[in-house]
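Letters A, B, C and D mark the chains in the order given here, with residues in each chain numbered from 1 onward.
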Amino acid sequence: MSSVTEKKIGDVLLKVENISLSFGGVKALTDISFEIREHEVLAIIGPNGAGKSSMLNCINGFYHPQQGTITYRGEKRKQMRPHQAAKQGIARTFQNIALFKGMSTLDNIMTGRLLKMKAGLFSSAFYKGPAEREQIEHREFCERIIDFLEIQAIRKVPVGRLPYGLQKRVELARALAAEPTLLLLDEPMAGMNLEEKQDMCRFILDVNDEFGTTICLIEHDMGVVMDISDRVVVLDYGRKIGDGVPAEVKNNQAVIDAYLGVQH
Amino acid sequence: MLYRESGQYKTTYSADQAIFTIPQDRVFFALMLLVAFVGIPLVATDYVYTALLIPFLCLSLAALGLNILTGYCGQLSLGTGAFMGVGAVAAWNIATRIPDLNLLVVFALAGMITAAVGMFFGLPSLRIKGFYLAVATLAAQFFLPWLFVKWGWLTNHATSGVITAPHLNIFGWEADTPLEKYLFALGVVALLALAAKNLVRSNPGRQWMAIRDMDIAAEIIGIRPVVAKLTAFAVSSFYIGVAGALYLFVYLGSTEPDGFGISLSFQALFMIIIGGLGSILGSFLGAFFILLLPIFLTRVPPMLGFDLSTAIVAHLEFMVFGALIVLFLIVEPHGLARLWQIAKEKLRIWPFPY
Amino acid sequence: MSETSGQPDGRDPLGRDTIPKFFAYNAQHRRDRPAMREKDLGIWQTWTWGEVDGRVRDLAGGLAALGLRRGDKVAIIGDNRPELYWTMAAAQALGGIPVPVYQDSVAEEIQYVIEHAEARFAVVENQEQVDKLLSIRDRLPMLETIAYGDPRGLRHYDQPFLRNLADVFKAGTAHNQANPGFVDAEIAKGNGSDLAIICYTSGTTGRPKGVMLSHDNVVRSANLAVSFDKLNETDQVLAYLPMAWVGDNFLSYVEGAVTGFCMNCPESADTVLTDLREVGPTYFFAPPRIWENLLTTVMIRMEDASGIKRRMFHYFIALARRAGRNILEGKPVAFTDRMLYALGEILVYGPLKNVLGLSRLRLAYTAGEAIGPDIFDFFRALGINLKQLYGQTECTVYLCMHTDTDVIPDTVGPPAPGVELKIDEKTGEVLFRSPGVFVGYYKNDTATAETKTPDGWVHTGDAGVFTDNGHLRIIDRAKDVGRLTDGALFAPKYVENKLKFFPHIKEAVAFGDGRDHVAAFINIDLAAVGSWAERNGIAYTSYADLAGRPEVYALLRGCIEQVNRDLSSDSSMTASQIKRFLVLHKELDADDGELTRTRKVRRSTIAERYGTLIEALYSGQPSIAVEAKITFEDGRTGTFKANLKIDEATTYSTMRKAG
Amino acid sequence: MAFFFEVLIGGLMAGVMYSLVALGFVLIFKASGVFNFAQGAMVLFAGLFFVGFSEMGVPTWLSLLLTVAVMVVLAGAIERLVLRHLVNQEGIILFMATIGVSFFLDGFGQTIWGSNVKQLDVGIPTDPIFLMDGDILIQSFDLWAALVAGTLLASLVVFQKTRTGRALRAVADDHQAAQSVGIPLNVIWIIVWAIAGLVALVAGVMWGSKLGVQPAIVGLALKALPVLILGGFTSIPGAIIGGLIIGAGEKLAEVYIGPFVGGGIENWFAYVLALGFLLIRPQGLFGEKLIERV
């Protein structure tokens, strides 16, 4: 559209400085620094084994880098567990779908909403009254996400029975249920066909646009990356070899050698 | 086939999230309750109460408790027998030491004490999973009954080592006859089952299931594993504790405190495997099945002309249980409850096959 | 309900002559009864007549504030959504004229309608429709305001003429507070001769024409239909057919306003069947295609059932076909059959209707195209009061309807109350006069004059005959009826409909006018034939591949020969037996212009596009090479090359002769 | 001091018995990831068959052969009837299935052979031996047991060097890789379960000679579980050392702590020790730390 207003990219939301991570002497990440700005879509790309997932794992507290600091919303972050990161507004999806297989789509999304819910053991056991009111209130919120991601037809279906593409969508829905400030997406479009990819791109952009959610995603499909990201960080063998707007990165020789060269 | 759901649309979330969303199910369940509270008392004999219905209720509750932990939260426990013992001993102590205390309060306190003990033995679950945890709960299973015997204070230094439950007095209502005991147990079990259903369909249940299905993902969406697992241990142990108290007060009457052995633990585990892991209904179906099977094995062969010694029947029971466990795990890991659900689904979409 | 029973000419006994007056009446007398439901956010959100009235008044105020004046047209584009129906009511309250547009139209089609109707306002569902409108906005200078219901994705659209409908509501509340009595006064100003709606008919040829219907048309027609079928405020309908189609407007919206019954909007196009099951409407309209699909899914699903269940199903269906209709129509039935039918109701019919969502149906209609007698019978045999209705936009939906007790599958019933019919002796065309006769085609006096005779008769364009018991039977479009070289009558649609009854055949096109025999194109039904292929272990890679399999040809030849046998039993139709046929490599598609939006065959387009194939059918050659341009779903085009086989089918001599 | 050593040695010898059972667990767990709760029942099962055959008058060597055959058939049956249907199931499900197997074997063995305590004498001398000038008394039986255990261990180590043994290790490391080497997984499983069955037979004969063949063996064999926690589920040396620690620990605890708390702590000491250990070092003494991948 000609007169669509430009979205506003804000201040630095999360700053990664000189992160190094190793497992028993094997270096997964070496001296990585970059920043994620509010409201932007940042793509992390790189060949397999470049340390992309490890990077996300550091950001959401699953791995604890041996060196370096992560500053989130201006505060230097101490070592924390993933659930603490979640509390601070960091949500994520996984490369290999990590849904709760025994639950329905709706229950998965409601589970993603747990952080916002308060009812404890006793009121839940009694159910009538506050607990039920809370369930209803948050159900409505989750229904909006269902509506947003167009998964109405499967809301009561156990997620184990869903095709892959829909599972990915449910996982995104679950992450959104927490109303995250920062959304980490680990290969959200892996294994999808063209149409599913287009849908997913649209959803990611809509999330970014509608809720102002900052998004950091890992993706292999260069076309997708170029289309939807505001900025790209390129990793190779655990080191950062590029950082910039998509067009810049595309023409960066080191990136071409390391990434595109390897791939094609 | 029996379901006519067309036109049963939900206009509120509270209707959509009800326990029984289909009116036919509601009617059926109400009928079941009617049978349990009114129908059975009209026909059952004392033998049926004492040999079948009362132990069924007690063990259902224990199975329900174990199911919360194992079926919903995925934490395997082999300590159910010992935790029932904790509940029984605790309730006995409270009731004999504070004679005027309302029995319901006694049971609640006994449940809470068991919950505390359960949480303590659940601590390893924060670091270990699966069968490692099963071994840890074995520690409780072997340690606690020993403690009941050796720590004289717990049995008021009874010389015989036997504890005998006091009369049941609930708000002045003396439950002495098997029928009254049955009704009391039924009331307690029904209420606790409702509470359990409420728990598993709201926040706590979702936490537990999230931990069970994918603990890493659960933590990453903000669930604290410590809280989820320990609440599961606490709630589960509460139920098992109350079940143990009932077992002593309503069923056994008196027992040696080390009577809460590992065989009870296995019995409860079998109940939930056969009944259905992660299902409230399954806990009841499983308990019923496991209790009925030995009766069946004792009664049926003679009818068919086989005279089996009691020893052989006992061995056969082991074999049948063992085989059934394997069979259910292979064919239908979600047990009888799942079969029931499948049958229901089939009826709902009848005459279509899917 | 007394207020709808009434006058033989359909005039309202309470003097309500416009739709808004009915809304106002319902708001008073049925304040707390449900008026509309929409499955949204997982539950059926409900609005009572009182609430609907409030929403409509707010919206009317909002539209007035935006400058809507009496006589202005409001284009409405989107799925069946309450707020779009409210828009319709609000526009009508102000004397405006809603112009609903098919929501799946491409931008150019929308452009034509809006341009032609000179709509100043467009109220649309969502971003999809907004984007379409924006892409043609430069060519629509008269379009002043576009309001959208769902703001999703539109956050950054800052065109000054774009409005969130929520804001329009708010503005309306303010407007109405500032101008108390405004909406009531506007409603009172309306009268029956005002235009109620302009429906653009897709038409099988040429540009769409805007059929103008007055409030009198719709109100009187609805009054007559409602008392004919004894509809009342407890009825439930599912509003799922396109809002732009006069049928949805009439059956859901107008009849809802007149009787005060509740209209239910499905959640999305994907969930219509689920929603149908949940709502369980009491009054349901579906074109033959949907009844066909229902039957096909029933049969396919039953194929996968266990042997015992399948046998039980077929036994009871056979019983129902024998006894069901008679029981439904209150005719004498053998005692044992009656008992068995009662058993069947428990075991098969009841559950089946329930799973399909048809168990609460009191009244169901089919119309638009002829329905296969077997399909029709199937549903009646189940005890569903399915009837035929015949009509068109120009007559406000209906001309003929079956009565509950006198239903013949291949007729459309006797003339409905208030309708006069006659058949042109030369052409066989059906003409009518009724309270529903349209005002005229908007801005197209030539077409109006061609259709409406000076003495008030209207040409339907359909050829028909009256049966002995006074029912009308439609044979075909008047202009499509032709003759074979031997002079025998050839009504292509009659033949095609017989073919389309088979679940494996989705579409058929018969040729024969001016030829010495009849030949046909067949379109397979991918779901049905695919499932059949799977069961028979036939592997296939694509639609085209499956269509060309010799096994599929054999299957279809069987179907065609059965049709031929059937035709041979009717002396006037025996010449129409199909001698040669081919199976098309692609589905006929509305997007390619081969079908209309209402999925009628566009003969001229097909004759033009598939000319070589038609010639091949008559040349005796065994196969024909095709190279077709096809449009993929993403809009790209490509070519497809293959050799289509042409097969021969056995024909039969007339029974009478043989016997 | 001498008394201490006597208790210690007695404990270590009892520990050897635990180790024998634990070895069976480890073998199966390493090769198939199945935590075989039925190992204890297999010990009883093997013992019952062996003693049963002997009581029928079958010569000892033949009884032994027959029982070996039974255990091999059992391994095949378990693979065919249980494991094959539970491939790719979660560990906890497999674990529960082995509980079922355990009950079945327990009941099956007793249905055939009865549940009386059966004396088993395979000619292992039971004379007391005095060490350190008679200060310390140990049973020669225990020495024999240690000897047998040692032999068994040695033969297992040798076996690991063979082709089949290497295949087993490959399976333990990576199922898919093992299959690509060309060894059918089913065969591997049968071999592993058969070996575990033989280990159970040895344990059954030893336990049976010491205590008589009786159902209580199943309960005693449960003590192998804490042994595993201590030693680590995947380590053969761990099973041995864990067994020794548990055996010695519980005897010493019983003798030195028991009197203060009323005795009988032997029953639970092993488990509580394991529980405490779990909290400190969940992977066991010799187990490998697992890195969780996301």
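Operating definition for what follows: contacts are C-beta pairs under 8 Å (C-beta built on N, C-alpha and C of every residue); 3 or more make two chains touch, one makes a residue touch a chain.
The shown structure was predicted, so the numbers you read here are calculated from the model rather than taken from an experiment.
Enquirer: Using the touch rule from the top, point out the two chains with the most contacting C-beta pairs.
Expert: B-D
Enquirer: Would you identify the chain whose Cα-based centre sits farthest away from the centre of chain A?
Expert: Centre of mass proxy via C-alpha means gives D as farthest from chain A.
Enquirer: Return the distance between the CA-based centres of chain C and chain D, expressed in whole Å.
Expert: That pair's centroid distance is 75 Å.
Enquirer: Suppose each chain is reduced to the average of its Cα coordinates; what separation in Å results between chain B and chain D?
Expert: Here the centre of chain D sits 33 Å away from the centre of chain B.
Enquirer: Averaging over Cα atoms per chain, report the distance between chain A and chain B in Å.
Expert: So the centroids are 41 Å from each other.
Enquirer: Based only on mean CA positions, could you tell me how far chain A sits from chain D in angstrom?
Expert: For chain A versus chain D, the centre distance works out to 48 Å.
Enquirer: Could you check chain C for residues that touch two or more other chains and list them?
Expert: Residue numbers touching two or more other chains: 42.
Enquirer: Spell out, as numbers or ranges, the residues of chain A touching 2 or more other chains.
Expert: 62, 94, 98, 139-140
Enquirer: What are the residues of chain D that contact at least two other chains?
Expert: As it turns out, chain D has residues touching two or more other chains at 294.
Enquirer: Please name which positions on chain A make contact with chain C in the complex.
Expert: Going through chain A, the ones touching chain C are 1, 3-5, 7, 106, 139-140, 143-144, 146-148, 150, 152-153, 155, 194, 206, 209-210.
Enquirer: Which of the residues in chain A end up touching chain B in this complex?
Expert: Where chain A meets chain B, its residues are 60, 62, 81-83, 85-87, 91-92, 94, 98-103, 107, 110-112, 114-115, 117, 119-121, 124-127, 131-132, 135-136, 139-140, 174-175, 178.
Enquirer: Okay, in this complex, where on chain C does chain B touch?
Expert: Interface residues on chain C, with respect to chain B: 37, 39, 42-46, 236, 277-280, 298, 301-302, 304-306, 309, 312-313, 346-348, 350-360.
Enquirer: Could you please specify the touching residues of chain B with respect to chain D in the complex?
Expert: 74, 76, 121, 123-124, 127-128, 130-132, 134-136, 138-139, 141-143, 146, 149-150, 216, 220, 262, 266, 269, 273, 311-312, 314-326, 329-330, 333
Enquirer: In the complex, go through chain D and note every residue touching chain B.
Expert: 35, 37, 81-82, 85-86, 89, 91-93, 95-97, 99-108, 110-111, 114-115, 219, 222, 225-226, 228-229, 261-265, 267-268, 271-272, 274-275, 278-279, 282, 292, 294
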